[in-house]
Structures are given as C-alpha cells and as structure tokens.
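Next come two complexes built around subunit A: one with subunit B, the other with subunit C.
Presenting the complex of A and B:
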C-alpha cells in the first residue's frame, strides 16, 4: 500500500512485560518450554533497552524462579536430583543461563560442574547433541545450545569440538547451506545454528574453505526477497530476519542486505494493537495472525541488527544483547 | 508458534472462553500430576498410557510424556507376547498419526515414530512410505516428513533407484520442488558416485541430470531449485591441492611457490623444504596481507653451500 509502518516501541515493551506476567492458554503447547518464552520476553526487553519496565522485585523473582529450574544431577552423574524435574533440557539450560545474564545475575548459584557434565552427557558419538538425557531427536539446534552454554560458562572442555564440527560439515548440502543433520534439507534456522556454533568454537574460517564460504554467503543472501525466508520458495517470515540476518553478520556480509526492504517487511508483521510481531504481515487491521513471543523477539532483533530505532546492538552468535554479553565477559575475568 | 488465527469475541463469549479455559487447565494439570506420579514411580501400564494419551492429545510436543510411553513400550517388550506387542505398537502408530495430523511439524511426534519402527516386531516400512506420501501431499516442503522418509529408506529395503524415480515423478509434476531436488542430490551420489568425491555424482549420470535440470529452468526460469541444483552439477568438487609453479631464485636464495588452492599462512607453514635430502629451516610469507594466499615465499640461508652446485634436488611436502 506504500504506507510506512511506525515502530511501535511502547506496545512491544508492553507485549513482553505482559508475557512475563501471564502466558495465555494459546501457549499451552509450549508448557514444556516456558523458560524459552521468558527468555524471548527478557531478551526482547533488553534489546528494546527497556529492562527497567520490570520492577526490581519482579526481576529478583524471575531469577529465583530460574534457579528453581536448575537440575543438579542426571542419570549420567552420581549427584542426587534436588527438585521435581526428572532431567534437564539443553535449550532450557541455554535460555536459563542467558536470562540470568540479561537480568544481571552473576551466575554464582549455577552449579557449573553439574551443568557441564549434563551437557557432556547429551553429546552423541556422531558429534550431535540430543536435548535431554531420557532421549529426544538430535540435531543442529542442540549443538548450538551446547556451544552457547560452554561460551557462557567459559568452558569448552565438556564437549568434543572435533566430532561436533564433523557433524556440522556432514550436514552441508548441495546448495552450500546447512540442514539439521546429514541428509537434511538446508534451512535458515539450522544454517544459523551451524554458523554460530562454528564461530563460537572459533572454527568458522578454518573449517570452511573459501569456496564453501562463498557458496554459503550466496545461499544466505538469496534468502532476502523483501524480508527473509528460511528456504527457497517459502514465504518471508519475520524470524529469518534474525536467523539469516545474524548468519550474514557472522559471515561478514550483512552490509549486502537491503535494509529498507527488510525493515518494511518486519514492521509490516507488527501487531499494532497488542504489540509484538507475527511471522507474516498483518494483511488488514483486523489481524489475521497473532503475534507470538518468538517472532516478536526475532522481529526486534532483526531490526536491531540494522541498528534501527535506537535498539541495543545484538550479539549475533549468542543471540543476546551486546550489553548482556559484556556482562558475561566481566564474569569471566 | 506457527501462525495461530485470532478470532474476535464479544465480552460474553470472552467470559465463556475464560471459564472453559479454566476447566481445561484444571483437567490438564490433574492429568499432568497423575502422569508424573507414574513417571516417578516407574509404573509402566495401560493406565499410564491412557493418562499420557490425554495429555499428548492436548500437547503433542510434550517430550517428557512421549518418553514415558517409550519406556512403557520397552517394558512391554520384555513382558508381552509378540502378538500383544504388535497390537500395542500398531495402536501407537495410529495415535501418532492422529497427533501428526494436528501437528505435522512436531519434532517429538516424528522422533517417537522412529522409536516405534525401530522397536516393534515386523515393522511395515511400505506403509510408512505411504504415510510419507500422504503427508507430502499435504505439504511437499515438510522437511520433518522428508527426514522421516530418509529414515524409512535407510532402514528398509527401498532401493535408491526407486526413491530417485519417486523424486522424478514429483519433479515432473511440479518442477518447483526444492525438497525433491535436495532428496535427489543425496540419492544420486549413492547410486552413481563420483570416484573422487562421494558427495558428487559420477560423470555418466551427470549429463542426464543436466538435461533434466535444464528442462526445469526452461519451463520456469524463476524457479530457484533448478538453478541451485544446476550450480551444484556444474561445480567441481573441492579441487585437490597441488603446486602449480615453483620458482627458485639462487641470487636471492628464495623460493616462490604458487598453489592450486589458496592456503592460509598457518597451513603454509606445514610445507617442508628439503635440499638434497636435508630439511631446511624456512618461514613462509604471503605476497600481501590477505588471509588466504595462492602464492607464498620462503627465504633460504644464503650460506647454503648447496647453491654452489649446479644440480640440487628440491622437494616440497605440502599437506
């Protein structure tokens, strides 16, 4: 329509703070991943530079809640399980630690040894990771989570980087990008996980040849039509403005992105009444698709990568604000 | 998270909805408590299967609950007869299929189905292929389904040739079928590998593929699948490293080496120089400050008496 969308900053802040207060039943399907939803809200507020929208008392409550989710001991170790949860989930460990960092916690109450032992127990002989000890699928997402956890705890000794790298390379496809695993179709999400994991392990340019890097760059930049899609011939989806955008940042060619088209697309997916972002554009004011936590967070980060709307810079590898990453670094000193 | 529709409601409808949600929540929490009781007590029985079935019908991504069912079936495997087992597993497959109808992109559901196929007596792989066909009809880009299909092909007697024909059919129906081209890219090297690179297709099939893909982009030049595939067919695999030129400058005591593939200086340092069998202590440098170099230079000791001879044997051992 040619109408310029405005960035509804205040509404997005309210959207995220509301999530932290109550998760509507629509999220019942995510009951097992409440921590990831909390992460989207917390990190979203961080990138919006609006963490002060959460009262300090609430911040402390959230920190306490996260620590209650810490599982000390799993079937691989001899330690006793200290709470009702049977075993941990690698994505919760990643988002839990990230959330603590975002809230300024010093991670002192994290049982670093147990945490890393838990991660170690999830790595399979082929180098990939499953998500929980009791069993799950294993793929690129969980390698990424493992690398993030090791980075945040400043300790890579628990994972076998060689086999993980091997798994990643085996997941390279004919079109130059990465699938979830060997044989799987290349995809924006798994490509991000592969690039970020290699970068976090310090192996991106030593593992991929110049030719492979070029092919990868070409595939990634080809994802942009207006916004970005996750695979050729799929519709643009807000979240790929981050998954692919961040990959391009890591590859060093983000400047090739058409900022205006990307911004216009992401803003068109805003829910201007409720706040937040949906995966697809709001076709009419009545709203066709509801905003959700993940796409809202990714939408904000997608814009932040372009340094727009006074958003805080985002670290493309850990997927947290630069500020949170700097806080993490002070803890490592 | 996958595009749920919003529906406008009046205040009355909203209140009704709230009451309904409260009730649902209570039931869900009750079932969850009952299930965790079973999990903690390690009680693997029909009651547990019934409770967990209720939960999974509401939330088929609940991996902890799927794991309870997994443990139950493993328990059954050691306690039930083959007939009973088969019946239970087949009921499970029906249940999973129902969950998939509502949630075709659920990692947990597909993963659990893999478990069932690997654990049950007499798995019917043909039927699983048909299931894949069905789900691909709903959405031919559903990569969960494609991945499951590859799992089925891997574990059953399906020949790569048959699968290749399957992709051919899909492609002929609709050239814009990226997932089919991808599937093809994984199967053809199995059937007809390039002897130099197992991830590439042998010469013989390459020409046939080229014709197929050219038909594709002549039919629809805007289809990316064909162009990416074409690029892959034409591209050579990774070239083998070799020295294209070695220049020895006696007056300068210098070696200049150009390579077929660019190397980093770190990789370069692994090249050892021998003059008449004696290893020389050299440092390689690049020609500019680029990270990857095609050429590198090493200085040899000027005092090397070997320079005085008219013949000397120089060998290089690149990695």
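Presenting the complex of A and C:
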C-alpha cells in the first residue's frame, strides 16, 4: 500500500495538546470522564517527553482545575457537599492524582484522609470495589484504581488487601488468566488490572503459585498475533499492546515478545493526519475507527515498553512514566 | 422535511417550557480554566443546567424523570443521571417492566456502555423478575457474540435466579456456529463448575468433549485451554486417555502449536515425577521447542527458547 510506518511524534504531541483544550460536541459522552481523558493526554505527553509543549502557566491552571474536582465531603464523611450527589469516582481519583504527579505537583492540597476514607467506603464485602458511593458496577478495574491511589498516597491501610486478593484469585479463569470477576471470561484488561494490583500490593509471587504464573505467562504471550488481542480469537487492538505488554513486563518476560511485529501493528493504527492512534489499523484516511485519547495513550505506552522512538520508560504498574513515579517516590521520603 | 403534522414533536429547550419556569437552571461550574473542555451543544447545556437544578433540590417528580430521559439521550454514560433516575423511579413507584422496555431499546443502541447494564441489573434486583433476561442477553449476544457486558449480566442472572437448566444447550448452539467463540467455552466451564462440579467423572467426559471439538479444529486455542482447564489441580498425566489422544494426534503428524505445547507440559511432568530418562526427554523437548520457534509458532520463538532453557536449567543440572 506504500504506507509508511514512521512514528508521527509531532502529530501525537499536537493530538494530545488539542485534547487538553477542547473537544467537539460529539464527545459529550466523555463528559463524566474528562479527568481520565486529561490523564491520557498528560501522561501521553509525559511519555513522549513533551510536557514542555504545555506552558508552565497552563500546567498550573491544569493543576488548579484538578483540585477543583477534589471532593472533600461525601456520604462517607461528615463534611458538607454542594449537593447529595457530589461524590467522587474512583477512576477520577486515580487519574487525578496521577495527573498531579505528572505535572510535578507535591499533592500537598490533597486531603489524604478524606481521599482514603472515600476509597475505603467503596470496597465491598467480596473484596472488589465499586466506583462511586451511590452505587455502580464492581469489578477488577476498580480494585486496580484503589491500589494505585493507595500507592500514590503511600498508604494501604484503608483497603482490605486480603479480601481484595481473594476476589482477584476467585477471578482466575480455567485458562490461567483473569476475568473482570468470578466466572467471567479472561480478558487482557482485567488480567492487567489483576497483575498490577497484586504487584502494587506486593503479593504477586506470594499469591500465584509457580504453576499458575507459568499458565498466566503462556496466556499473555499467546495474545500476540501481530500486535495483541485481549481474548483468544479476537482481533488485535492497539490498547492491548499496553494492557498485555505491561502484564508481561510485570511477569518479567516482556522481552520475549516479538518487538517488530508489535511495533508494526501499533504504528499501523496511527492516524497520520490528525495524530493519535485508533484501536485498529487505518486502512484509509477518514477511517471510521478514529483515533481516540485512550488508544492514543496506550499506543504510545505500548511502544514505550519496547524502549522505541526515544519514548520515556513507563512504570507498568501505575501506568505513568518512570519519571513521574520517581517524583512520587521523592514525595514519600 | 414535511410540514408539521399533529403528531410531530418539536424539541423545546427546558428554559422555554412553561412547566419548568419555576426552576432556576444551574450552569456548570468548571473552574477558572477548565481542561478537556467539551463544546457542548445548546441542547446539552440547557438540559444539564436543569438537571443540576433538580439534583440540587432533590426533586423526584414526573417532570424530573422526563428530564433524566433527555439527559440520558445526550450522555448515556452519565452515571449520576442514571442513579438519580433510579431514585425517582423508586420514589414514584414506577412500573419496572415499562422502564425495562425503555432500557432495552437503549442497550441495543449502546451495548458496550457500563451504566445501562448496571441499570438493568438494578431493575432486576429490585423487581426480582428475571423472566426476560435470558432472552434479552441472547438477543445482544446474537448481534455480538462476545459482548462482555451481555455475558456478565447473563452469568449474574443465571447464578442469582438459578437458571442453569438450558444453558449448556445454548452454549452448544453457539459453538455450532463458531467453534472458536471463547465466551461460549468460558460459559461452558462456568455452568459445569456451578452445577455438577468437576468431579472425576465429569472431568473425563469433558476431556472427551474437548477432544471431539479439537478433532474438528486442531488449532482452536479455546478448546485446548478448556481441555487443560477442566483438569483443575489435577496433573495432565492424571488422564491416561488424554495422554493417549495427544500421542495419537502427534503420531498422525499433527503440528498444532497447542498440541505441541501440551506435549511439552507432559514431558515436564515426567521430569518432575522422575519418570523418564532425563537426557532423552530433554532431547524431545528441545525438538518440540525448536519446531515451535522455527516453524509453527515463530512469533513466540523467544518464548519457546525460554521454555526450553528453563527446563534444561532445572533438570539437566541434576544429571550425574
């Protein structure tokens, strides 16, 4: 086809900086997850080593905006809120804290106690987490968010690690990988959340037996066809180059991946006109599978895991750059 | 566009509706310098300004219910709108089956949205009426055989209301259409685990089942995973039939990477149990790993070399 698979660095930087500004009205369905979109853009720029594309004044404004989203009172605590439904969302808490770290903030204005109480209130008796106090679905994603928040605030006391671990293990499938919950099909996303959560809790190798680890390794490495898929017999999708790639990194065998095929696939999903990545290859311009923030971020991280294109190394557990993680560690000292 | 008839409805902004004139809309407070702004349409801004207002006063009326419907149509992922809608439905003691009809239409349009499925589960928990759930999830699965939400909901309904009876038949019909439907294989495991359990007898019959499916498609990862999975904590060598079948397939010249992988695992068990000549067995393993790395599973060549190295390291050192 004569398509060049060059890494469109400048276009991706512009893609992410545009997202931080304004999205067209058709993105209204992202209204309740804007902070996660901001995270994809900020962390994406971080991994691209292009945070300087954001002027310092704008960085400060972004930090201010994130802090306006902090909910200090909610039904889990006695403090006042603006209305009865102004409660936090666990994924926003994770991406909000991560974004602050990426921007170099010192988290001093985070009400650590309220934040952790809020997380604590979301854990269910079976060990899993829901996303908001008013009620939502509960699954592996939110255990991961909880573990990330505890890691970033350097405090695991608010969550019951034993029951969380129990839920994770109950979600281990017959094929050796993890579903979203007990009985559910194993999946690249939930497998990532399970591995990363166990690793963040420091329990990966003490919870999974050598036999279980071997089966998990085999399942993860079997997800590669060219890029990676999230379940057997499904198509390759850019985001799994991160979800499964990072799982393999956590398991210590990422180097066994076929880097060239993985890279070729991820690059084929680039939108060479507007920048960013889509889930599937761009067969022609204006493809209906448009680049979106999530796949763009995961595409960049999928490449970063392979240390390609001068990308910053990514911490596979927190899903932020190593640099941001190091900044976090200095705050804990 | 045809000229308006009596039935045609023209959308009215809430600010123009007389019956809403008592309500003061609350604009979004997005802070001084909002990030990832969305260029909301006028319709969106208007509806959500009024939604914020009724949320603030906690108004649980018919008109509030209608407003949540508008808000949902504009952003079906707004979990606060769905939550408040549930509060209103309960307060007004609304007919759940009517709500379910409305919801089913939305799920068909947005089958991968988490909030709509959570709402469905909430309604079923509330009504304790599971009578439509198998039929509905089947409809969604027919449109997208691997829709994760549909399968999750289906599993929940089956487990909660003990609707196990016909599920194996359903799974079989899906596998008839697509033997590689991993969701269907997972469902099979789920049913058996929660009904008969994997007793020795059941494990043997499930091994036969998997073998019969592998005979049709020898490179079906789902079938091979199932085969290993039903053994549970049992070793591979627990089933003599399995070993015999795997050996027979190999002797027939079958080179499926999954067959070879399981053969390697059989040899690993032999090494573990000290039931073989170490040098000879490692030689066979080497042959198989090389076949995978160089011929039949080249994308994983580094992995198969790692597997070989791991086994050699573990067992060759102990050779006198």
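Quick note on the criterion: the second predicted complex is superposed on the first by the 321 of 333 C-alpha atoms of A that agree within 3 Å, B and C clash if a C-alpha of one lies under 4 Å from a C-alpha of the other, contacts with A are read in each partner's own complex, and residues count from 1 in each chain.
Here, contacts are C-beta pairs under 8 Å (C-beta built on N, C-alpha and C of every residue); 3 or more make two chains touch, one makes a residue touch a chain.
On a predicted model such as this, the values are computed, not experimentally measured, just so you know.
Participant: State whether subunit B and subunit C clash or fit side by side on subunit A once the two structures are superposed.
Facilitator: These partners clash in the superposed model.
Participant: Can A:234 be said to touch subunit B (first), subunit C (second), both, or neither?
Facilitator: Touch partners of A:234: subunit B and subunit C.
Participant: In the superposed arrangement, does A:185 touch subunit B (first), subunit C (second), both or neither?
Facilitator: Both partners.
Participant: One more residue to check, A:222. First (subunit B), second (subunit C), both or neither?
Facilitator: After superposing on A, A:222 lies in contact with both subunit B and subunit C.
Participant: Is A:290 touching the first partner subunit B, the second partner subunit C, both, or neither of them?
Facilitator: first
Participant: Quick check on the superposed pair: does A:175 touch subunit B, subunit C, both, or neither? Answer first, second, both or neither.
Facilitator: A:175: touches subunit B and subunit C.
Participant: If you count the residues of subunit A that each partner touches, which comes out higher, subunit B or subunit C?
Facilitator: Looking at subunit A, the partner in contact with more of its residues is C.
Participant: Please work out whether A:205 is in contact with subunit B alone, subunit C alone, both, or neither, and reply first, second, both or neither.
Facilitator: first
Participant: Tell me the contact category for A:135 with respect to subunit B and subunit C: first, second, both or neither.
Facilitator: Both: A:135 reaches subunit B and subunit C.
Participant: Using the touch definition from the top, say if A:280 reaches subunit B (first), subunit C (second), both or neither.
Facilitator: In the superposition, A:280 contacts subunit B only.
Participant: Should A:5 be classified as contacting the first partner (subunit B), the second (subunit C), both, or neither?
Facilitator: neither
Participant: Given 166-174, 238-246 or 292-300, which one is the stretch of subunit C whose C-alpha atoms run into subunit B?
Facilitator: The stretch that clashes with subunit B is 166-174.
Participant: Pick out the shared contact residues on subunit A: the ones touching subunit B in one complex and subunit C in the other.
Facilitator: Shared contact residues on subunit A (touching subunit B in one complex, subunit C in the other): 25, 28-32, 84, 89, 131-132, 134-137, 173-175, 179-181, 183-187, 219, 222, 231-234.
Participant: Would you tell me which residues of subunit B are touching subunit A in their complex?
Facilitator: Against subunit A, the touching part of subunit B is residues 1-6, 8, 21, 24-25, 28, 36, 39-40, 58-64, 67, 70, 103, 107-108, 110-111, 115, 141, 143, 146-147, 150, 176, 178-179, 182, 185-186, 223-225, 228-229, 231-232, 238, 261-262, 264, 291-292.
Participant: Taking the complex as given, what residues does subunit A use to touch subunit C?
Facilitator: Against subunit C, the touching part of subunit A is residues 19-25, 27-35, 37-38, 41, 58, 61-62, 64-66, 68, 82-85, 89, 131-132, 134-137, 173-176, 179-181, 183-187, 215, 218-219, 221-222, 224-226, 231-234, 253, 255-258, 261.
Participant: Would you tell me which residues of subunit C are touching subunit A in their complex?
Facilitator: Within the complex, subunit C touches subunit A at residues 29-41, 44, 55-56, 58, 74-80, 83-84, 114, 117-118, 121-122, 146, 148, 151-152, 155, 159, 180-183, 186, 189-190, 193-194, 221-222, 225-226, 228-230, 261, 299-303, 306.
Participant: Using the touch definition from the top, list the residues of subunit A that touch subunit B in their complex.
Facilitator: Subunit A residues touching subunit B: 25-26, 28-32, 84, 86, 89, 131-132, 134-137, 173-175, 179-181, 183-187, 205-206, 209-211, 219, 222, 231-234, 278-280, 286-290, 292-295.
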